[in-house]
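Sharing a structure, written as structure tokens. Questions coming.
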Amino acid sequence: MELDSLYQAVILDHYRKPHHKGLQSGFDIQVKHNNPSCGDEVTLNLSISDGVIKAISWDGVGCSISMASASMMSDLLLDQSYEDANQILAEFVELMQSKGQSQGNEALLDDAVAFAGVSKFPARIKCALLGWMAYKDASSQLMA
Amino acid sequence: MELDSLYQAVILDHYRKPHHKGLQSGFDIQVKHNNPSCGDEVTLNLSISDGVIKAISWDGVGCSISMASASMMSDLLLDQSYEDANQILAEFVELMQSKGQSQGNEALLDDAVAFAGVSKFPARIKCALLGWMAYKDASSQLMA
Amino acid sequence: MVDLSQYKKDFPILSRTVRGGNPLVYLDSGATSQKPEQVISAEGDFYRKHNAAVHRGAHLLAEEASAAYESARENVATFIGAKAAETIFTKSATESINAIAYSFGNSDSSSKFSIKAGDEIVVSEMEHHANLIPWQQLAKRTGAKLRWFEVTPEGRLDLSKLSDVINAKTKIVAITHQSNVLGSITPLKPITAAARAVGALIVLDACQSVPHFKVDVKELDVDFIMFSGHKMLGPTGVGILWGRETLLNEMSPFLFGGSMIDSVTMTEATWAQLPQKFEAGVPNMAQAVGLSAAVDYLNKVGMKNLHEHEIALTKQMLDGLSQIQGVNIIGPVEIKDRGGVVSFTIDGVHPHDVGQYLDQHGIAVRTGHHCAWPLMRKLNLVGTTRASFHLYNNADDVIKLLDSVSEVQAYFKVKI
Amino acid sequence: MVDLSQYKKDFPILSRTVRGGNPLVYLDSGATSQKPEQVISAEGDFYRKHNAAVHRGAHLLAEEASAAYESARENVATFIGAKAAETIFTKSATESINAIAYSFGNSDSSSKFSIKAGDEIVVSEMEHHANLIPWQQLAKRTGAKLRWFEVTPEGRLDLSKLSDVINAKTKIVAITHQSNVLGSITPLKPITAAARAVGALIVLDACQSVPHFKVDVKELDVDFIMFSGHKMLGPTGVGILWGRETLLNEMSPFLFGGSMIDSVTMTEATWAQLPQKFEAGVPNMAQAVGLSAAVDYLNKVGMKNLHEHEIALTKQMLDGLSQIQGVNIIGPVEIKDRGGVVSFTIDGVHPHDVGQYLDQHGIAVRTGHHCAWPLMRKLNLVGTTRASFHLYNNADDVIKLLDSVSEVQAYFKVKI
């Protein structure tokens, strides 16, 4: 079923057992993003020092796609350099805009290539990007 | 031509040589009415004493129908009792709403039956009624 | 119950297939209704035969267009028991509500419509954003205070503090006729009585009532109502503002421009009579004509038949959902004072994911906060899944939805 | 000149007969244009195939409707050289102008959009009521002063007092791009230069320009433009407000309700990103799609071809009218900086009577003050008769009008 390309097992796993969920204290910046059309919310705590992402944690309410995406993002970006994180971010955004044409670069995205299917469901792209946009906002404020 | 039923000779005569046009002093009330969709304007001076229309004069700018109608109205209503004038007014309004089905009561309306043709041109009914509505407003204020 | 199945064929979109090649089961009429061919072609015919700027031309097309537009107004007015002069065409209910709020704001401080610090405006926790934010903003601009009725756990308006909420300071009571989330119908009598007792004006958001059951403004005892054409089988881009003639006569207009004037100089303008006073510019003529065709269609079906039909479907849906473990109905479970809108949640599955699963099976529902975010917060929900009906729905649609809801639980491996 | 005759057949209404059994000669496109079948069926197809509430549903129809609506926005934006985010769908130019005026009025006193006593707002004597009264009212509400450019006897904007009219107090300059009565096109450069020099914002009423010649907001150096779909072959019930992204981002929204929010509680709301911030409620989706089809159609014809075609007809009309004794052209007789709108008067015959005679012969024109009453007063006229063109008009239409004008004089027995 078409739907299975959206709800890959790894996505549903992260949804049920999200990583880095629960806000940690001692952050450099906190941002809150939401998706006004459906009400999903993500709050993100981020610390960057010496150009490296030292801590990332988040909390929020939302659908499986938005929550699983925030979870995998945290896994992917923690301990990366700001530059590498940006490359991963760019790759993920490109995957989301690929309208089902791309498989995603597994070297960069690891398990997050499972989101490739989301790009065929335009209304869900915003869900998958919610956490990433929070990260983008937070990190670019920190690095400004 | 259909148009000739609108522009009867007597109407065009009154348009070219309107009666009671030019505001007379010594009135009991003055009202100004306009037709905002085309810009036609009529100012009416009216005096009623002992229930009789003692003086009526008007001025204004407008199309042949509105000006001729004000002219004939003045002829018809001058020296009439308020009650008779109301009957004439009612008859004229009814004629305007007749959608071309009525010839008009000549005993009451005299030359103004020429306006029967106007009732087939919905956009022109307001023109023909402009002066009459001014009279209605003025007289009902006076008799209130 | 009258059988309405003959009408479905008039709605071209209902014969298309959607995701997964499934036939469309449209259960999102609370957001917008589908349109019968009669409405679509009424709009098209206006353009093909009579299109011209109304009230402005000396020519035959302008006469015909004006007649079509004004008879559309008569028709819609009659439908709600109103006079034509009180029935204003807007672009939507949202515009209608904002129009009234701005008209209050535009009033001279001496007028009875003027709102100032110390005054109170009353809404409820179940309002759609369209009947909340304009009043928040009016309060903000004027210094007035916003008050509200709370919502009971069953999803009814909580009137227990009625005499506190509506008090001597209350100037406006703006309330929904039927919640677009909960389906609950507002008991108007106690509210209008309280408002009348303190001289407050009553604004009724009739977006979810006029399209579904007979509403007669003469019986309501309110001052303003508003609704959108697109939720009642009509075109997009047209709504109605109805107000009492005496009030509209006294109020300031909202939009300024052509056709709404009596006289204009460089520095001053005076206003036309009703309804033109509230209709600036070349109006949405084709959409007004389309809305009139929708009213004709609804009259043909019969509002009573429509309502009975929707109530039967609602009952079937409520009964069915009650029997599925792990499913929660959000809103009254009783059918009394309840319209054809059924919100629910499924434990362990986010509404957005529920909607996605249903969509894959051809079932179109709405998910999320339904533009009633404060209500969601109050009920401690991130959102709901909402199924809503119109005349073209039938018992099969409900069965399909119920079956799919059970499958959702299986698909997302919810433990029940 | 490119031959546009192939297009006329696309406009169903143009094949009908009117008063006296005459074929329709439609010369009233300045009031509203006719619609090609392509536009009518684009609107119908939206309802028949994709209708759903945009930006709100999880289902396929909602996705399709959103895609149709947003690609309509892209298309219209490209047409005027704008970004999609800056291109707001309204119901009409009238709404667009009022929206901006209210947004100014809604601004905090600390914001640069706030208007107060001592500020000045500049318009002109040739404005349509839609670009005059909203500013009169804003001035009235805020205590600002309304100033204006006069009109020269030839019907051009009188810029001789430019540095007096636009001065250090000027906050807004709201001006028409082309007069709907005189046909004169505003020389923007000196005005925008003067406005920029004092930091005033520039609002351009593009109702009579965008439908007739290429307008690119990047080249205009103005801050806001507005126009209506119905004058550019599009549906009724849709207009555009374009504004610079930076300004729209900073400005207060105008209508409040669903879809324009970022977050909402009972007492507070924050706004969505552009363009949603300025589009409250379920939008006029089918009309936006129809407008996009109109833009496609205009692109196919080519705005340059259209403009040349209209200029040729205008020249023919001006030449013809100049040769009839007792006929006065109201507006520039020179073709330079002039669009396809020709107003005239006939000595001894009221415009309304002229229009009636023409109508009897199948010729649809507009008569009266054309929603520019202050201009009429200035020119000492009770009104004019106005012929205005679009792509479906041709030289025969002009000849018919010219012949009929001569007959009017005979019919009403005017002595020449």
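Lettered A, B, C and D in written order, each chain numbered from 1.
Criterion: a contact is a pair of C-beta atoms (placed from the backbone, for glycine too) under 8 Å apart; a residue touches a chain by one contact, two chains touch by 3 or more.
The structure presented is a predicted model; accordingly, all values stated were derived computationally and were not measured.
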Which of B-C and B-D has more C-beta contact pairs: B-D
Length of the line joining the C-alpha centres of chain B and chain D, rounded to whole Å: 37
Between chain D and chain C, distance of the C-alpha-averaged centres to the nearest whole Å: 31
Chain centre separation (chain A, chain B; CA means) in Å: 77
Centroid spacing, where centroids are CA-atom means, of chain B and chain C in whole angstrom: 46
Residues of chain A whose C-beta touches two or more other chains: 37, 121
Chain C, residues touching no fewer than two other chains: 19, 56-58, 62, 259, 261, 263, 352, 356, 367-368, 373
Pairs of chains found to touch, sorted by chain label: A-C, A-D, B-C, B-D, C-D
Chain A-touching residues of chain D, taken from the complex the two chains share: 55-58, 62-63, 66-67, 259, 261-263, 272
Residue numbers on chain A that touch chain D, as the complex places them: 34, 36-37, 121-123
Residues of chain A that touch chain C when the two form their complex: 1-3, 6-7, 12, 37-40, 61-65, 67, 121, 124, 127
Sites on chain D touched by chain B in the complex: 19-20, 350-353, 356-357, 360, 367-369, 373, 376, 382-383, 411-413
Residues of chain C that touch chain D when the two form their complex: 12-13, 16, 18-19, 24, 26, 28, 31-32, 34-35, 37, 39-41, 43-44, 47-53, 56-62, 91-95, 97-98, 102, 106, 125, 128-130, 132-134, 136-137, 141, 146, 148, 228, 230, 235-238, 254-259, 261, 263-269, 280-287, 352, 355-356, 358-359, 363-368, 371, 373-374, 377
